[in-house]
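Structures for review follow.
You will see two complexes here that share chain A, one where it goes with chain B and one where it goes with chain C.
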Partner chain A sequence: MLKVNNLCVQAGDHPILQGVSFEILPGELIVLTGENGSGKSTLCSVLSGGGELSVTADEMTFQNKDLQNMLSNERALQGLFVSSQEPVVIAGLSWRVFLQAALQERQKSLGEEPLEVSEINTKLEKLIELVRMPSETLDRGINEGHSGGEKKRMEMLQWLLFAPKLSVLDELDAGLDQTAKKQLAELIGKAKNSERSILVVSHDAAWADSLQADQKWTMQGGKLKKQA
Partner chain B sequence: MKKVAEKNESTAIFEHLADVVSLCSLTDKNNVCVQVNDWLSENSLPSPRSESWQNVSFEKLLSSDAWTTGVCLCKPIIIGGKVLVEPKTVLETDVSNIQNDASDPFFIFSQALVKEVYLIEIASSKNEVQNLEINWPVCECKDAKIKACEIKIKASGEGVSSVSIKEKLSSGIHFCSFTTEVSEKASLELSFLPEVDQTKEKKNIFFRWLTSKVNEGGSLSVRGVSTFSSWRREVFRTRLNESASVDVRLLPLVDSDCSSSLVADTFHADKKSTGTVMVRGMAASGGKMIAHVFSEIDRNASESTIKQEIRGLATEGNGRFFFKPHLRILTDNVVCTHAATFGPHAKEALEFLLKRGIPQKEAEELLTKAFFGPILEGFTLEEKEKVQSILKEL
Partner chain C sequence: MDKGSNNLTPHLNEEYLPGFSTNVEQDVFAPGLSEDVIRMLSAKKNEPPFLLAWRLKAFEYWEKCNIPNWANLKIDPIDFQKMSYFAAPKKKAGSWEEVDPEIKAAFAKLGIPLSEQKRLSGVAVDAIFDSVSVATTYQKELEEHGVIFCSFGEAVQRFPEIVEKHLGSVVSYMDNPYAALNAAVFSDGSFVYVPKGVDCPLELSTYFRINAADTGQFERTLIVVEDDATVSYLEGCTAPTRLSTQLHAAVVELVAMDRATIRYSTVQNWFPGSSEGKGGVYNFVTKRGLCKGVNSRISWTQVEVGSAITWKYPSCILRGDNSVGEFYSVAITKGMQQADTGTKMIHLGKGTRSTIISKGISAGKSRNTFRGLIKVAPKAMGVRVYSQCDSMLIGENAEATTYPNIDVATNDAQIEHEATTSRISEEQLLFLERRGISREAAVHLVVSGYCREVFQKLPFEFAAEVEGLLSMTLEGTVG
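So, the complex of A and B:
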């Protein structure tokens, strides 16, 4: 699914990731932990594209396609989802308008007909209920006036809506209450299947343990260590 | 009846015309000035800066063929509403405290040109909404190089009077002056929207004045979109009496190498008055957006509220923005906020949309819509759709 070989990332002269190599196979669930500043979020950011860091790698492929030659939106349309650790606020652009646009782009990239608006709305209403947010939220600006936990719930909604092939959930559990954390763990368990892989980044060791991951990795000083 | 300029004023007035043409030439990429000069020359009139103007009689000039073909004193076409349209009647509105345009050469020039003032009176009873449409200028004006019009609107009754001014601008110089008076407890909604089918016609220079007085408990809402001009200057001035309110929402959309200058003033004469001025505009490469918002709370105007907000969006690298939010508070116990910012779309917002699969161009369009979202909240559905189509054209 995702193959990374000798990934090095620098901010100016400061190295952040040093020779990181790994492979995520289809259907795998991997948990990545590590101290603050160890490079976990940088790894997530590099996978999603964009940013102004200096990135080099001997290999970085997603579904056998070179990730380095793909724009951020192309990576997303190929099925790579990276949740935002600090979700951005976009006043004036409603969730509904944004999610409709994002879904229609996926249809277009698959060469399929646009979805009916009513069909999208039905999906959104179901998911907003699932993540326990009021349905009026869909007509509010993106993360406008949301609490930290609410922002993470809306990240969950996006993740569920797009049903990506590879999910990189960067501290999606941070800021969630205990009930929501438990629900997230259940959803991760349900989402994992032979075609979908998940990389969960978390600071909560106990919660991460509850996920019954196939592999556990730790990041330390920009280097990746795989636990036995 | 407007006073026609005295003979000895002709030189001064045409010096102002010279100023207009000179100022416009600074940003004029569409040869409006050339057109005006051509028109003057075709009619055997001196060029704007020529000293020969000393010998031109203004009255004679106004009655000459040159003016009848070159200048159109526009009559508005009014559709709908129970209204009284009475040319040559001047609405006596005491706006002396705010109408300080006596030194504005463009205003003087406009006043001198306009010979007929159209008075529109609208009376809406309680729970009633009267919709009125003004098409301006009329189509016969299309060959005129200078177009001028003055309209006075008086809204009374306890209902809502809604006046939609649809502008069909063609090449040349446009002078458009409005005075409005909102009676006690009355509501007047004014909207200025350009017609979309004129997107290719950006060869005009446009001046607008709106001077308003809102009486006790009355409310005035002004919604305007400024675009499709090489060079624009618009002045919105409002005087508010006790418990009166004004909500001004303006969208200057400045195209490449064009210029838009807005002045929006509110004068709070009495207590519990509310003034909101929101300006959200964008300037393309080489475009210049100027916005000055000034609010004064007088000594007797305690418990008044002012909200000023000016925001500019640079769609390309070289848009220029000159903003000045200004407050003058002469009493205690008031609530005032003001803000002014400009710049391109937030990088983080753009990156977020890209990471969710939306291509750059579509992401920028969504963010532009979002930028104008708060200001469009005060617009009607039809107006919102019109703004969206204008944004698409730009």
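So, the complex of A and C:
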């Protein structure tokens, strides 16, 4: 699914990731923990593309395609989803308009007919209920007036909507209440199947343990350690 | 360097889809401006004496004027003698069927439905080609409701008393030099009259097209809405791609009587000039509405994306007690475009209210200026004003300036003014890109969200058109 070999990332002169190598196989659930500033979020950000960091790697492939030659949107269209650790506010642009555009873009990239608007709306209504947000939220600006927890619920909604091949959930649990955390753990369990892999990044060791991951990794000082 | 990152380097987009020109036999005046030209024009249009007299007074005033230079615009001097003041298709058409097929084709290409079979449902259209109106649709249906919608020239012939009563009552020919020039040489335009108690059953729309080279377009629009009546009016504008500049100096006057409502929307997409700043339309327009009656309401909504230079301040004079003025504006500039636009809200009556929402978006090396005046006269008690001016910059070389002026002579006015300037945010674009949206589409979505408050004010029929125009305009503003 994802192969990374000798990934080094620098911000200016400051090294953040120092030779990170790993592989995620189809159907694997992996938990990554580590202290603040150890490089976990940088890894997630580099996988999603964009930003100002300088990145080198001997190999960084997603489904055998070189990620370094793919724009952020192309990575997403190929089925790589990275949740936002700090979701931004986009005033005036409603969730509905944004998510419709994103779904239609994906249809186009798959060479398929556009979806019926009513079909998209039904899907969105179902998911907004599932993440326990009021349905009016869909017509509000992206993250406008949302609390930290609400922003994370809307990230959950996007993750569920796109049903990606590889999910990178970067502290998606942070800021969620206990009920939502439990729900997220269940959803992760359900989402995992032989074709979908999930990388969960979390600070909460106890919650991460509850996920029954196939592998547990830790990040320390920009280096990745795999535990048995 | 990771290819996932993508710099915001603006580059210029030279594609201007309405940029074609039409070959029709034209009746064109020789270049130059003089009293004789005005007499010739007035005679050609068979005008009553009051109108010729008014034109000549305006011309006399124009000759004494100096062109103003206070706007934040760099304008090459205009040689008013090099320009022609009248251009009209040679063949005169009595009905749409007789209109020159070339002109029909031009409007069809622009997506303006004029033929009886292909009318846009619920929208009546007046099509103006260079100096004259070539067709007005749905006229008969409207007149059954007592609504008059016709070219200005026709109104002068059929309803001279209404024209004489209101012409120049809101924008005097002495208002500014371009208003004087327009009064002297205006060739055509639209006229709307809605009688007492009538809710105009259709959206009215005028489509302006400059075709002839080296010709000025000076149209004049007059809209009079009587007590308890309402109308919604929209104008659209395009011009061919030409490397010489074209002058457009229009005047629009609105009169709203007791409890009358006028919604006036503009989608302005004149040719903006080449990427090096060659050619394009100079758009110097005076638009003003008079809320003459109590509880009347005038609402201006404008989406300005074209023209090399825009100089335009749709304003409201709130004379009737409890009258309401509104201004909703989106102005997008790119390349070498310059826009100096805004509004004046003049509160004369008691309990008058106004709302100003302006969104300026500047890309490329363009300049985008908002200029506003909120004036509250000594006897206008209980005035409320809300004003919000936001500027967004795309790229490193664009310029945005805001000049809000507030002049209050009462002690109980409630005035709120907010202004922001922001750069299109890399984080916002990345947020959208990371969900599969291309950078260009992401810019469109962010800008469209930014403008949503204004777009929502446009008549429903035109909202989709504006989204399309926005995406065409933003094409190529980010690398």
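By our rule, the second predicted complex is superposed on the first by the 228 of 228 C-alpha atoms of A that agree within 3 Å, B and C clash if a C-alpha of one lies under 4 Å from a C-alpha of the other, contacts with A are read in each partner's own complex, and residues count from 1 in each chain.
By our rule, a contact is a pair of C-beta atoms (placed from the backbone, for glycine too) under 8 Å apart; a residue touches a chain by one contact, two chains touch by 3 or more.
Computed from a predicted model, the values in this text were never measured in an experiment.
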item: Joint occupancy of chain A by chain B and chain C, clash or fit; value: clash
item: First (chain B), second (chain C), both or neither touched by A:V82; value: both
item: Partner chain in contact with A:A102 - chain B first, chain C second, else both or neither; value: both
item: Contacts of A:G49 with chain B and chain C, given as first, second, both or neither; value: both
item: First, second, both or neither for A:L93, with chain B first and chain C second; value: both
item: Intersection of the chain A residues that touch chain B with those that touch chain C; value: 48-51, 71-73, 75-77, 82, 84, 87-88, 90-93, 97-98, 101-102, 105-106, 109, 141-142, 158, 162
item: Complex contacts: residues of chain A adjacent to chain C; value: 46, 48-55, 67-73, 75-77, 82, 84, 87-88, 90-94, 97-98, 101-102, 105-106, 109, 141-142, 158, 162
item: Complex contact set, residues of chain A against chain B; value: 48-51, 71-73, 75-77, 82, 84, 87-88, 90-93, 97-98, 101-102, 105-106, 109, 141-142, 158, 162
item: Contacting residues of chain B [partner chain A, same complex]; value: 346, 348-349, 351-360, 362-363, 366-367, 369-374
item: For the chain C and chain A complex, residues of the former touching the latter; value: 1-6, 425, 427-428, 430-439, 441-442, 445-446, 448-453
